[in-house]
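For reference, chains read A, B, C, D, E, F, G and H in written order, and residue numbers begin at 1 within each chain.
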Amino acid sequence: MKVYLSGEIHTDWRDQITQGAQHLAVEFSVPVTDHGASDDCGVAILGAEPDKFWHDHKGAKLNAIRTRTAIEAADVVVVRFGDKYKQWNAAFDAGYAAALGKSLIVMHGADHQHALKEVDAAALAVCETPQQVVDMLNYVLTGALPK
Amino acid sequence: MKVYLSGEIHTDWRDQITQGAQHLAVEFSVPVTDHGASDDCGVAILGAEPDKFWHDHKGAKLNAIRTRTAIEAADVVVVRFGDKYKQWNAAFDAGYAAALGKSLIVMHGADHQHALKEVDAAALAVCETPQQVVDMLNYVLTGALPK
Amino acid sequence: MKVYLSGEIHTDWRDQITQGAQHLAVEFSVPVTDHGASDDCGVAILGAEPDKFWHDHKGAKLNAIRTRTAIEAADVVVVRFGDKYKQWNAAFDAGYAAALGKSLIVMHGADHQHALKEVDAAALAVCETPQQVVDMLNYVLTGALPK
Amino acid sequence: MKVYLSGEIHTDWRDQITQGAQHLAVEFSVPVTDHGASDDCGVAILGAEPDKFWHDHKGAKLNAIRTRTAIEAADVVVVRFGDKYKQWNAAFDAGYAAALGKSLIVMHGADHQHALKEVDAAALAVCETPQQVVDMLNYVLTGALPK
Amino acid sequence: MKVYLSGEIHTDWRDQITQGAQHLAVEFSVPVTDHGASDDCGVAILGAEPDKFWHDHKGAKLNAIRTRTAIEAADVVVVRFGDKYKQWNAAFDAGYAAALGKSLIVMHGADHQHALKEVDAAALAVCETPQQVVDMLNYVLTGALPK
Amino acid sequence: MKVYLSGEIHTDWRDQITQGAQHLAVEFSVPVTDHGASDDCGVAILGAEPDKFWHDHKGAKLNAIRTRTAIEAADVVVVRFGDKYKQWNAAFDAGYAAALGKSLIVMHGADHQHALKEVDAAALAVCETPQQVVDMLNYVLTGALPK
Amino acid sequence: MKVYLSGEIHTDWRDQITQGAQHLAVEFSVPVTDHGASDDCGVAILGAEPDKFWHDHKGAKLNAIRTRTAIEAADVVVVRFGDKYKQWNAAFDAGYAAALGKSLIVMHGADHQHALKEVDAAALAVCETPQQVVDMLNYVLTGALPK
Amino acid sequence: MKVYLSGEIHTDWRDQITQGAQHLAVEFSVPVTDHGASDDCGVAILGAEPDKFWHDHKGAKLNAIRTRTAIEAADVVVVRFGDKYKQWNAAFDAGYAAALGKSLIVMHGADHQHALKEVDAAALAVCETPQQVVDMLNYVLTGALPK
């Protein structure tokens, strides 16, 4: 089963999931989570841009080669919303995955519940912790519930 | 040409566009923009829920009947990000539209430029004002530039 | 908006919906609801079959010309489960509609809740009465809640 | 060849097929067949629900991650209807598989023939026993008929 | 309902169907049935070819603009096999329609039954006469059986 | 029948076709053929760009809203290659149309035959003059050959 | 590269191709070529039918599990038309493959040229001998022409 | 990740990329780059043609078996435009890849910028050198920027 881990990049939630699920036949893919590299990749490779819009545009498109390929290949897309920032790219990925018919899991704290209601409505599961994602993947693949 | 107007619901930008484009062969569709009705539609019709999550869930799914039908029928999806709120549903719609290969126009102020770079990267046009949307629709349909 | 009304054919729920929604821009389609004609259409037109399996097979395929064309053309598919019979064709239609990404509304009584949980899980709304379907169509198309 | 075995979970028909076909290049997938785990997986991982509808809803959606991924990956979907229960999820899976253009095999006793005529009409084969499924898979893959 | 009438062009079966169904909301499309024009259209418009293969190739491709557009737009494809000629284009159209998920009706005499078994297996109805096609279209659209 | 006329914009070939076909049930669509407007539309509406690449980029994307919508809606795409310029956008449109399975007609002079062999190989017809396009549309729609 | 070899089953053309191409990275698939088994597989496994139509119907559908799975998985579909029989299933397979956008190679003698013009028009290559198919597969995979 | 390298065949840019990326998990595919073989493959295998159009036609279609299979299998399509020739096949491939939603990288010198603006507008990255392609593939797969 192929699982793409989208969204918040400032905590170690991806590590918790990949380590918790290392006994399972899951192939994880993730975006580039080095914030600086992700922001500057476009101009670093394709040439500087004086205008911030195009600086960001080049980078966002280059990152899209990775993220869209990964989402399209995934069976399950997990999207985590954290406490900070706008995280519109996370919601964009969720919409992209939903339109492709991917199984969507959304992870966020209770404080974001109302603001994420449309995203949650497209999900097959809404949870709060990486352990719940591990438990779900374990259940989906082995049929075993957590003890 | 069918155009869906997604996103921010607290200013009159949709009216400005539909009025500015009334001489064009455009069929506009919009979400329910009455905030209260949109929030409570699920429980009003399908029965009350003591848990806010399910209250919102019922409403968000009912609204999805309208929004997904409209996005899937649209040739062009315009998504506006305003100054307030998380607006994750707007970014979700943008991702949904992008995955379906719709022509995407994103409208937002300069202050949101960096946070919206992934959304902008999927768009065929990024603009700031309703008049620019009208000018684009006019150009796309008639070939005439604004004077 | 195109709405297909699938499922139980022994009560007048379709009439209640089409009459309740007659002020709306909805184009309804329905299966053949004459039980006898639906059962015998295949052999009546294509020749008698001594074996009941093929008798039914011819009829079911001929009915499929109508039902699949209608489901594929629909924006919304409403599936009602009544009190009697196996109604596997209703669940089949729900699965068919879900796989095509149609907006699915399921209508059934509380006693069938557990048995229909997988079907309900694929729906954008679950309700009990024709009036609720009318209210939803009215809301989806006009944004107005029932008074 | 990938084969998904959907439907009735109270007899050992899946074991009979997987054992009978163990000499063939078939990769079988199955739903979670532990009835209790399947019913309670949602609340066990994602938190308790006082309302039975949402209890079931959470579970059904979590199970859908497994079943839809499996159906979408399958070349052949076998759906068995047993003697008891409504089994609407089996008919739902059959409809889902049919809409995706999967090769559908339906297995059921003669007493359900009339009630399943629409499901049978979408199938490439209708049979009664696990051995017939094994024989078909053997024929489809090797060209050999049963002796 | 859009119906494409493919296959044999030497009898008046298309006229019988279109006249018999003139009271129904059916939009029929047909190939060019003037044998000479159909054979020579390519070279007549695009220039002569000394080699018969390319003479035919140009014509067949030009006819394909009409036939594929019509099949892709159709809800139902009726394919008739007559007594003479190879009629491989009819079987090709049937395969083309089947792969697109169109409702397929095959019409042929009993003598061709064995040779057409694979084509019939993909059809929702197999019949012998134009009147049966009219009766089916009438039933599918009105629910009325022939008297 | 919907026909999109792509490619060379410096001669009146589109007018010849639309006038020659005015007796036919054809709905033509065309790109913006005002060279200056087409080049500058992006910056005229969305703001000036000092860098020629982004100047052109904004314009090309805005034009893509029109051209892709038209190609996707078309049944037939006619692409004309003229004597001058690189005309890579014409070949791009041809590839885009071919991948979508549109009926492709290519029009060009004999001198470009070798260079266009891959494009011609994807076409259902290759011709040299607007009159030939008119004759083909007339034949495809009426079955009549030119006198 | 996956290649499906469809059509005539009375000469050893498939063996010639698979042996001639054994040095290439090609995975061949073929229908069941044992005429008797292919005709009787349905009733042998699923039960006898007194009516020849249903006898054939059961068999044709069972064979379809193999052939459609193979065509859908193939990159290239080779269809051979021999000297005898109607071979409508071969033309059906060609149409099915064409509609799915598969690369189609048609093999037949010169005497069938006119009757197969519509099938040939959908092909990327038309040839007469198994050696030509081997030469094409060799060229497509290695770039080397026959010496 | 599967990458198809389309376009100009007279410099060693493909070798530079495949060698530069040999440490990466990339599977490259390329067209036949032997100009003579590519031009004559059709007639060499399928028989001579006196008319240059059909000579080229046979070859272009045979090459299409390779190129379309490769583009359809690719995650990323890189298209290079060189200094000479019309290179319409390169632009055709770019359009074909864009319509299929592939990640498109376009490589060309600054002098072709204006003529390629429509092609560039469909790309996720526009660059000038093979090293930039290597750097992008490296970044997309490993997240590391060039030093």
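One rule holds in what follows: contacts are C-beta pairs under 8 Å (C-beta built on N, C-alpha and C of every residue); 3 or more make two chains touch, one makes a residue touch a chain.
Since the model is a prediction, treat every value here as computed from it, not as a measurement.
More than half of the contact pairs at E-G come back, by residue number, in C-D, the repeat among C-D, B-C or B-F. Looking at C-D and B-C side by side, the one with more C-beta contacts is C-D. If you average the Cα atoms of chain A and of chain E, the two centres end up 49 Å apart.
Note: centroid distance chain C to chain G, computed from Cα atoms, is 40 Å. Averaging Cα coordinates per chain places chain A and chain B 23 Å apart.
Shown for chain F are the residues that touch two or more other chains, namely 61, 64, 126.
Touching chain E in their complex are the following residues of chain G: 52-53, 56-57, 59-61, 63-64, 81, 85-100, 112-122, 126.
The touching residues of chain C, when paired with chain E in their complex, are 32-34, 37, 40-42, 44-46, 58, 61-62, 64-66, 68-69.
The touching residues of chain A, when paired with chain D in their complex, are 1, 75-76, 103, 105, 124-127, 132, 135-136, 139-141, 143-146.
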